[in-house]
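When the chains are written out, they are named A, B, C and D in that same order, and each has its own residue count from 1.
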Amino acid sequence: MPLPEKLPTFDELPAVPGAPPQSAWWLFGRDDQVGMFNLQTPERIADAARLVRHGKMFPMNWELELPNPPLFSRGAVRQTIFRRPTSHDDVLDNFYPQASSQWDSLVHVGHSQHGLYNGITSADVTGQPGTKNGIEHWARRGIAGRAVLLDLGRYFAAIGSPLDCGSDRRVTAAELEACRQAQGVEIREGDVLLLRFGWQDWYLAQDSATRQAISNRSALRAPGIAAGEEMARYLWNCHVVAIGADNPALEAWPRTPETGGFLHEYIIGLFGMGIGELWDLSRLAADCADDGVYECFFVSAPLNKLGGVGSPPNALALK
Amino acid sequence: MPLPEKLPTFDELPAVPGAPPQSAWWLFGRDDQVGMFNLQTPERIADAARLVRHGKMFPMNWELELPNPPLFSRGAVRQTIFRRPTSHDDVLDNFYPQASSQWDSLVHVGHSQHGLYNGITSADVTGQPGTKNGIEHWARRGIAGRAVLLDLGRYFAAIGSPLDCGSDRRVTAAELEACRQAQGVEIREGDVLLLRFGWQDWYLAQDSATRQAISNRSALRAPGIAAGEEMARYLWNCHVVAIGADNPALEAWPRTPETGGFLHEYIIGLFGMGIGELWDLSRLAADCADDGVYECFFVSAPLNKLGGVGSPPNALALK
Amino acid sequence: MPLPEKLPTFDELPAVPGAPPQSAWWLFGRDDQVGMFNLQTPERIADAARLVRHGKMFPMNWELELPNPPLFSRGAVRQTIFRRPTSHDDVLDNFYPQASSQWDSLVHVGHSQHGLYNGITSADVTGQPGTKNGIEHWARRGIAGRAVLLDLGRYFAAIGSPLDCGSDRRVTAAELEACRQAQGVEIREGDVLLLRFGWQDWYLAQDSATRQAISNRSALRAPGIAAGEEMARYLWNCHVVAIGADNPALEAWPRTPETGGFLHEYIIGLFGMGIGELWDLSRLAADCADDGVYECFFVSAPLNKLGGVGSPPNALALK
Amino acid sequence: MPLPEKLPTFDELPAVPGAPPQSAWWLFGRDDQVGMFNLQTPERIADAARLVRHGKMFPMNWELELPNPPLFSRGAVRQTIFRRPTSHDDVLDNFYPQASSQWDSLVHVGHSQHGLYNGITSADVTGQPGTKNGIEHWARRGIAGRAVLLDLGRYFAAIGSPLDCGSDRRVTAAELEACRQAQGVEIREGDVLLLRFGWQDWYLAQDSATRQAISNRSALRAPGIAAGEEMARYLWNCHVVAIGADNPALEAWPRTPETGGFLHEYIIGLFGMGIGELWDLSRLAADCADDGVYECFFVSAPLNKLGGVGSPPNALALK
């Protein structure tokens, strides 16, 4: 199916008549299971590869053992090593693909009223042959293209309003836009948007009592983007394929009805965009701060797991 | 530590006096835990990125459920999906990072007499803080560079001597070289060498009885590169960083003393090169056969698992 | 529902009109999920407890790590120990309740034509609330009563025809009966029947190559009871509640159409009897050989796992 | 090694000169790994079996899925069912033997200053051959004997001071003794002591929010026996082999220095007694309330796991 010549704006949604309000369902066909990554066209990929000017690599997979303890009641991976005199093998148990750096696939969260992206239901999510919208669709297609980093941590510090990563500060669309302008970088259709809050640096500085405390879902407070329609409009109108952040949930935590509900429902459930969380953006951000270049070539190869709900990003930014 | 100006040839090994014969130990320093990937320099990475001319992506992660049953007594991954009305989470158990497409890290196999790469011992392989030579060193550095594909399957078919993927045909160094020349491609220092035997296509055509039969280690017969010193000399003198293949063990199986022993001992244990197995090379190979271009940009982001013995390759070839 | 006053003989089956031929379905009610253990009545339990004359205990759980490697493609349990200075915790992964000593629950095997015991289908076996015929029904009721041991290993040795535990010798109903008479013990309605072949003693004497070899399902040869209608008639007419053996499959292995098919289909699928395998009967048998008393009090507390297919026997014989 | 003719009183401890103060270390020999279960002698077992007068069974394994979520940061068991047309197999992952009804083995908790029972150290707890004091020692010996139930829940209700199972009420030794006298039952050397607080009945009546809340270790409040020397003296002087309770930790939770510290250190670490927690005592207690008989025959067959820290009790009380 050819891509649409022009993507609808947020106010033109739904993209296809009959689809849920404000949704991009069926934009790439009724049976599409890939979502916005369809916008990573060969032309865009080839263009983006030219951003590799210095040969610098920035892997996005944080230590698989972090956070420790994991957040949101997920579990810690267990490795068993098998030994023979001069060789080893290993096996992992209790491996939550969303415990550390992660992609959320299109089945992670749907819209609370309209359901999962493109109209599939929970009954379609089986992990068995025939399962729908799983991570394997991204894995088999591959992910590559241009990415833009917005370093919100440095931006807010620079304007004298530093982010407290122990708080649930909610960054607005206007603030994202102000950061973008301050950095002088353009966001283009088909990009991956990277958002650094500085959460990981903060986490590494906490003692084990604090780490233990915030592993209790109800005690976690973390800054992130604000929920609500204004943010949804901004992100959709950027026409990005995915948003990857270094904080626990991309959006601020806790999410409450009073603060706009659950933005995941828009991003994944209605838009079909990928969400990345707990990505290791520290080194990339430091490099961008050094050279003032906030764009890069971004590649990712998720786990090819049938019906996978999540995956480590297995991503590199290259400059 | 700066890279050596000139790499030793096989006959000049050991690279450092006092190291085991024929070894490259300590070439990148006594404490190096990365091995030959040190040769992926910024210059080489930037050069290789220019091979992305068309924006085509070729992911290397085969289905995580294949082979089924797994080979070499490894186990099949189990996914448990947690459901709430419009969201899902998942967890993986019995996940053998070497059951499907895989990187072998530097602790997978050592030399039977001299031990693990750079002189570490099995006691150094703990999976706990302080563990050595694990996959996390590649993950934290990132993997990117030029790759060259040798399509042995097509080559041997073309010269009227097709590979039987149910046999243990042992491809010699001279045959690798002949294939390379027939393809008209150059192998350069720092490259990843990709070898396609056509094993996966063969596997997919087998019925479940055959798949069951070859899951028994002693019944497996698979073509691959020959073991022995001649092959070791050829590979080392290419100065490649890693060798990724689509067959079960890179080298032919079974490995026997009569056929040169266990080539892994040279490649991983003495040279510090990465080995990749069961990689999905089918689509890449078809594309190379189409356009006659056998070089590409290769990127990989292994699992960042402390002390990990293996990992899915999480690799893309880009052309 | 009261128990039937008189149990049907094999030739009077089906027990209830309309049930499959030769089946005991619905004997204890349409909704019964316990099967023949219904025959362990309070009176029989109290009587059996009087068999504890000396206070001797014979636990039936073999080492959870044996056989090693496991048989029939099951996996080896993995333990992870969590440590604090003076305390520990542990967790088990890859725990196959049927890898070592085991109960087969009523959902393990059904009749190939008529389905699972009492007419449930595989769709009823969910492991979720509402699941049917799982091990939890035995666990919540408890298992206690009289057991009788037939020590076939010693019997055949005594008559000059020792069992070769590396062979698939098929012990007939007539031979079971001859052994029973030689031992001078009576089998009563409601008993657990214990059958010792001597397989575990044999296994412990094998080297690791043999153990490896027989872990391949197709290479396993093990003595056991013969399959077929004659054996089914004998066992049913004994009206035992369960049969526990020290060999891999109770019946001889391999099972083939030529040798009477798969006896499990009768015992579990049509009769609703429990099957026990790989039970540690060595010490009990030695004691019985010493004192000539082949009856005992038998107690078992299976895992209370919703929808469990198997469980360690967690059984003691007491004399 | 013969049993001591007369067991020391608490004030006569240590049992063996040179052992830590107040400890029973080495009472059954320097190399003993069984602890107080040594007191379950054949005579006592045979006597206890005579308590089976009616053939009533009371299994102690609560649903393996309860509590849900588990307490103390343990995990919930995951079952995977393998299906063929008329047969099934299953495997358990993330099986914490101490998540539901459980035995604490002698390596679960040691004394904070003196270490683990009989002087072993954490380095002796490997789960590999040579590991010490693991659950396998109880499994291979078997557990059977007399048990006495103290139904504290009913007792406190009867005297007009009902236990609030959402509180951390600490039951004193004097109150245990008063309950015992009110029930008119004798505790004898070698008995298993069963303590019912009514916690499980309370738990089943809670909604999911409360269950979620108390799964957070710091929010749990549960009644239990008081800690401290007075309780230690009482329990030791009873010379029981083990104490099994229906509450989360036997002793009241939270444990604090102000309320006497951690009683487990005495019971397991210094005395070598078994501790049971979350046992299903409801039906047994109801029966005892009915007939006024608070003694029973108690049997248990723990998992035979090398180096196991915990196990489901796999226990039955029989009357």
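Everything that follows uses one rule, which is that contacts are C-beta pairs under 8 Å (C-beta built on N, C-alpha and C of every residue); 3 or more make two chains touch, one makes a residue touch a chain.
Just so it is clear, the structure is predicted and the values come from calculations on it, not from any experiment.
Undergrad: Any idea whether A-B or B-C has more C-beta pairs in contact?
TA: Counting C-beta pairs in contact, A-B comes out ahead.
Undergrad: If you average the CA coordinates per chain, which chain's centre is most distant from that of subunit D?
TA: Looking at centroid distances, B is the chain farthest away.
Undergrad: Using mean CA coordinates as chain centres, what's the subunit A-subunit B distance in Å?
TA: So the centroids are 29 Å from each other.
Undergrad: Using mean CA coordinates as chain centres, what's the subunit A-subunit C distance in Å?
TA: Each chain's C-alpha centroid was found; their separation is 52 Å.
Undergrad: Suppose each chain is reduced to the average of its Cα coordinates; what separation in Å results between subunit B and subunit C?
TA: Between these chains, centre-to-centre, one finds 47 Å.
Undergrad: Of all residues in subunit D, which are in touch with two or more distinct other chains?
TA: 75, 91, 93-94
Undergrad: Show which residues of subunit C lie in contact with subunit B when the two form their complex.
TA: Subunit C residues touching subunit B: 69, 73, 75, 93-94, 216.
Undergrad: Can you list the residues on subunit A that touch subunit B in the complex?
TA: Checking each residue of subunit A against subunit B gives 41-47, 49-50, 52-65, 74-75, 77, 79, 81, 83, 85-98, 100-101, 107-112, 115-116, 122, 125-127, 136, 139-144, 265, 269, 297, 299-310, 312-316, 318.
Undergrad: Spell out the part of subunit A that touches subunit C in their complex, as residue ranges.
TA: 78, 80, 91, 93-94
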